[in-house]
Amino acid sequence: MAYKFTTTLFRALIYLFLFVLLLVTLAPIWLLIVNATRSTVEIQQGVAFLPSTHVFENYGILIGRGLDMPRGFMNSMFLAIATTVVSVYFSLLTAYGMVVYDFPGKKIFYNFILVLVMLPMQLSIIGFYQYMSKLGLTDSYWALILPSVASAGAVFFGKQYLESVVISDLIDAARIDGASELGIFHRVMLPIATPGAFTMAIFAFIASWNNFFTPFILISSIKKYTLPMLVQTLRGDVYRTEYGSIYLGLAITVVPIIIIYALFSRYIVSGIAMGSVKE
Amino acid sequence: MQTLAKFRRNYFGVLFLVPFILAFLLFGLFPVYNTIALSFTDTTLMTSNANFIGLKNFQRLFADGVFINAIKNTWLLWILNFIPQIGIAMLLSVWFTNARLRIKAVGVWRALFFLPNLLMPAAVASLFFSLFSYFGPMNQFLVRNGFLPEAMQFLQSKEIARGLVIFIQWWMWFGNTIIILMAGMTSVPLTLYEAAMVDGASATQMFRHITLPLLKPILIYIFVTSLVGGMQMFDIPYLLTDGRGAPASSILTNNMLMYLKFSSSQGHIGAASSVGVMIFLMTSVCSLGIFYFLRDKDSKISHQMKF
Amino acid sequence: MTRKISTLLSILLAVSFVLAACAPAAVTATEAPVAPAPATGKTVLKVWSFTNEINTVAIAFEGKHPDVDVQYTMIPMTNGEYQTKLKAALGTADAPDVIALEASFVKSYVESDMLADLGSLLPDAKAANTYTFVTDVGSNAGVTKAFAYQATPGALFYRRSLAIEYFGTDDPAKIQELLSDMDKYAAAAATVKEKSGGNTYMVASSGDFQNPFFSNRAQPWVVDGNLVVDPMVEKYIATAKLFRDNGYEAQAQQWQEGWFAGMNDSLVDANGNAKKVFSYFLPTWGLPYVLAPNAKSADGAHDTSGDWAVITGPLPYQWGGTWLGILKDSPNMDLAKEFIRFSTLDEETLTNWATGVYTNDYLKAIDPNVAPDQQQAPGDFVSSQNVVEKITASFDNSDLSKFLGGQNSYAGFAAAAPSVNAKLLQGSDDAIQRALNDPINQYLNGAMTLDEMWAAWKDAVRNEFPDLIIP
């Protein structure tokens, strides 16, 4: 009896703790969304926890001040999709080569990928920048898309995943039918690997969508600014007097991600787990 | 015939790796080489001529306290967010996976705690910048409810600015850590716990002697990836204040110092490269070292598990 | 669930193809790193600036040259972003032709070999009687590389109603006498605080009077490769400390919300109490760009228009100004030179610019796609003495003079402009002064001693300028 009581009490305390933690987790996001719907005057008057009705007004001000959010949105979308397609395709290709074939140096290559995951590659950005500028590729999306052909983390994930789904009988059958090796990868393997590819795609998409540092160094003309680069200009003086619009501008970047998450949270959660466990 | 086919297939395996290797050489390795080469020159963006100046850039890094301060800041900001991150994540994972507690809707809790991880760091930093400005909502809230006697310059206080960076990093990453830890814990075979319970082990004992040792590879994974990420911290501290690490250079990180040199009025990319090289070395040695040493020991421990 | 995925994947793919096919202009440019093909048959002139202001004159330029397409790019100066992007763009395929350079870093470009020689425009400058200091700033070692359309002497703006309340008069001459040096200004701040019961601040931010002090230094920051701290800098810091410790300033940051709110009486402290600001230090451009547009609060409840007056203030000074130069590799050199002549040396343009001819309707007639708030309000102070003399009288009964309770600000600026000197400006000013902001804040807050403040600043400066000798 006493044992049961302490467990119940303990459980209640845990729920309380979880609830407080949840408040801390969601409060900033909630405040952001609420303030995005409030007018400047309302925000000046104090904190509120319920949305107001000024979304469109705020959006009008935001656009009127020359902040081209739709363009930034399209730029980020284009870049994220291109990076995602490139990185998922080539990572699966590389992983497939490692899983299905046997060749000398395979083990070394695998360890090499593992080491790459643990190196802070971002720190060579200055050399990358100068090299791209010599090639005339600064201020170009190529410099952001092409490097994702070699994304070590995605290859690592792809390898873990493919090991669990590759069926060698199917590959052999396709070979007997006269399919080429690359053809097998395209026609047999990719359809089987779709769920894994999808998980990889979500991560690649979010990583590119949120990436600030690399485009911030490489992209210089404002027409090509991505959303994170545009969003940080909201801290500048042109917008400082329009609080509601500032919050709305920030909310615009956050809401699409929340929607994607609401739809596919299960894939994201299982993806994170898969990337780490089978090491 | 058979061997030829096999050879052909193996040969194809290498072909599959060619795009990766090419892209790595062009966009991964060469930039590293180029960064190292630049770090020995006085190249700037504003002049076209550059000279080889040996180790001068590196000597200058140590001529004053700025570089050392940036390294200290980076470690401080990372460690102070990593400890609560792993602590709280561990606590929640144990609760969530505990069969006796039967916490309801674990998936929902976990999914909600993870949400901040998906937000754009640039937007998050700008959000906190607005919330904590002198005439912003945080001051309104705290003063009107009597928590503060008068408005405060939050972002001009070293401790508060650091605290905010640490909080944001923690807030964005603890949900991610929970998911990884839980994946590890659920993969521990139940029979191990059952056997231990038969032997009369307490919950704490089981955690220390079964869960922790088996989690070790995962803990190393979390540790190393967080370290590599933490050493490259940029978005949040850069966008939270003036981009120079204000107040009093308290949130000036390695990466920000590199960017400061890059964006200085002459655009000293030679000097910026020397910062990049130093941090690259420091981080790589730490992450590979930790991985190498801890991983070796681990396999021995898990074989000699005893109660 | 699998169906959901494949649907989404195919949508993603479809969208990416559509995006690739009808790619936005930005993307096409990446694929064709050559100068954008003149599909319209127009010559493209790329202009970069840090505000939308020059876009007005760019559109007017298109009106005069229908065969030219000016591609205008605005990147804000927040945290030095414009300066960095500009450096990073030098020598790339998308490098601009004409670049705008703010006073704090114009010298670093003029001193470098990045800008083209604009000596061929000097006769035009002579004809327009351009203020000497404007040309001086744009010149290095006898070569002129940049011109400006503005001259930017500074002034002090104050609230008439508050002046009557605290000093018994709103007469500019009397107030000027009362505030004729910084010590008097500080004494007046005490009066304002006392008589308002602490509800009116003398100034929104102590950063406001940084420029007046810095403009009156005896020597620039760098003398023969040595970093120099002029006594005026020390005096500025002492005054700022005095204002902070005594609560004479609202602790707003320049260009941040509180600073703007003070202009229209919507400043509210954390408790919800209304606060007022007595005066703002702003230069010529501060009137049409900053003060006038912000005199009305967002909800229209507060409007301070007509309640302002302008005087020279405690110290004569100059603040800011935008110069235009041409990158020396520009493929459109002649056109770019014509653009600079048109926008900085052409008396007709400058007259239109200063007198409010470039309204939104005017610009719309040239380019129907122009943004609804793109226009040039009257009142900016231009660089040509001929134009200044010609138009000063026209401001006697203008909207602008109504904003200032009947004062003609132009006449005041015209009197102050000839005394402005540009000898203090250096290429390193921007970096050196920005490095000072945070240490000063720390000192004002009491988090650093004066010595710690100087040390922190010197460290930051050394990082920017490794070759500078720092005492």
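Labels for the chains are A, B and C, by order of writing; each one numbers its residues from 1.
One rule holds for everything that comes next: contacts are C-beta pairs under 8 Å (C-beta built on N, C-alpha and C of every residue); 3 or more make two chains touch, one makes a residue touch a chain.
Here the structure is a predicted model, which means the values were calculated and not measured.
Asker: State the smallest step count from chain A to chain B, taking one step as a move to a touching chain.
Answerer: 1
Asker: Let me spell it out: compute each chain's centre from its C-alpha atoms, then which one is farthest from chain B's centre?
Answerer: That would be chain C.
Asker: Using CA atom averages as chain centres, what separation in Å is found between chain A and chain B?
Answerer: Here chain A and chain B have centroids separated by 16 Å.
Asker: Please work out the Cα centroid separation of chain B and chain C, and write it as a whole number of Å.
Answerer: So the centre of chain B lies 39 Å away from the centre of chain C.
Asker: Taking the mean of the C-alpha atoms as each chain's centre, how many Å separate chain A from chain C?
Answerer: Each chain reduced to its C-alpha mean, chain A and chain C end up 38 Å apart.
Asker: Specify, in ascending order, the residues of chain B that touch 2 or more different other chains.
Answerer: Chain B, residues with two or more chain partners: 140, 144, 262.
Asker: Touching at least two other chains at once: which residues of chain A meet that condition?
Answerer: Within chain A, residues 46, 129, 217, 232, 235, 243 contact more than one other chain.
Asker: Do you know which chain C residues sit against two or more other chains?
Answerer: As it turns out, chain C has residues touching two or more other chains at 88, 256-257, 261, 268, 272.
Asker: Which residues of chain B touch chain A in their complex?
Answerer: Contacts found on chain B: 9-17, 19-24, 26-28, 30-38, 43, 88, 92, 95, 100-101, 103, 107, 109-116, 118-131, 137, 140-141, 144, 171, 175-176, 179-180, 182-184, 187, 217-218, 221-222, 224-225, 228, 231-232, 234-235, 239, 255, 258-259, 262, 269, 272-273, 276-277, 279-280, 283-284, 287-288, 291.
Asker: Show which residues of chain A lie in contact with chain C when the two form their complex.
Answerer: Touching chain C from chain A are residues 39-41, 44-46, 64-66, 71, 74-75, 77-78, 81-82, 84-85, 129, 133, 136-142, 194-195, 197-198, 201, 217, 220-224, 232-233, 235-238, 240-243, 263.
Asker: Tell me, which parts of chain C touch chain B in their complex?
Answerer: Spelled out, the residues of chain C in touch with chain B are 79-80, 83-84, 87-88, 90, 105, 108, 112-114, 251-253, 256-258, 261, 267-272, 427-428, 430-431, 434-435, 437-439, 441-442, 445, 447-448, 456, 459-460, 462-466.
Asker: Quick one: in the complex, what on chain C touches chain A?
Answerer: 2, 4-6, 8-9, 12-13, 15-16, 19-20, 23-27, 29-30, 33, 51-52, 73-78, 81, 85-86, 88-89, 91-94, 255-257, 260-261, 266, 268, 272, 294, 297-299, 301, 371-373
Asker: Can you tell me which positions in chain A touch chain B when the two form their complex?
Answerer: Against chain B, chain A makes touches at 7, 10-11, 14-15, 18, 21-22, 24-26, 28-29, 31-32, 35, 43, 46-47, 90-91, 93-94, 96-98, 100-103, 106, 109, 115-131, 146-147, 149-150, 155, 181, 185, 206, 209-210, 212-213, 217, 227-229, 231-232, 234-235, 243, 246-247, 250, 253-254, 257-258, 261, 265-266, 268-269, 272-274, 276-277, 279.
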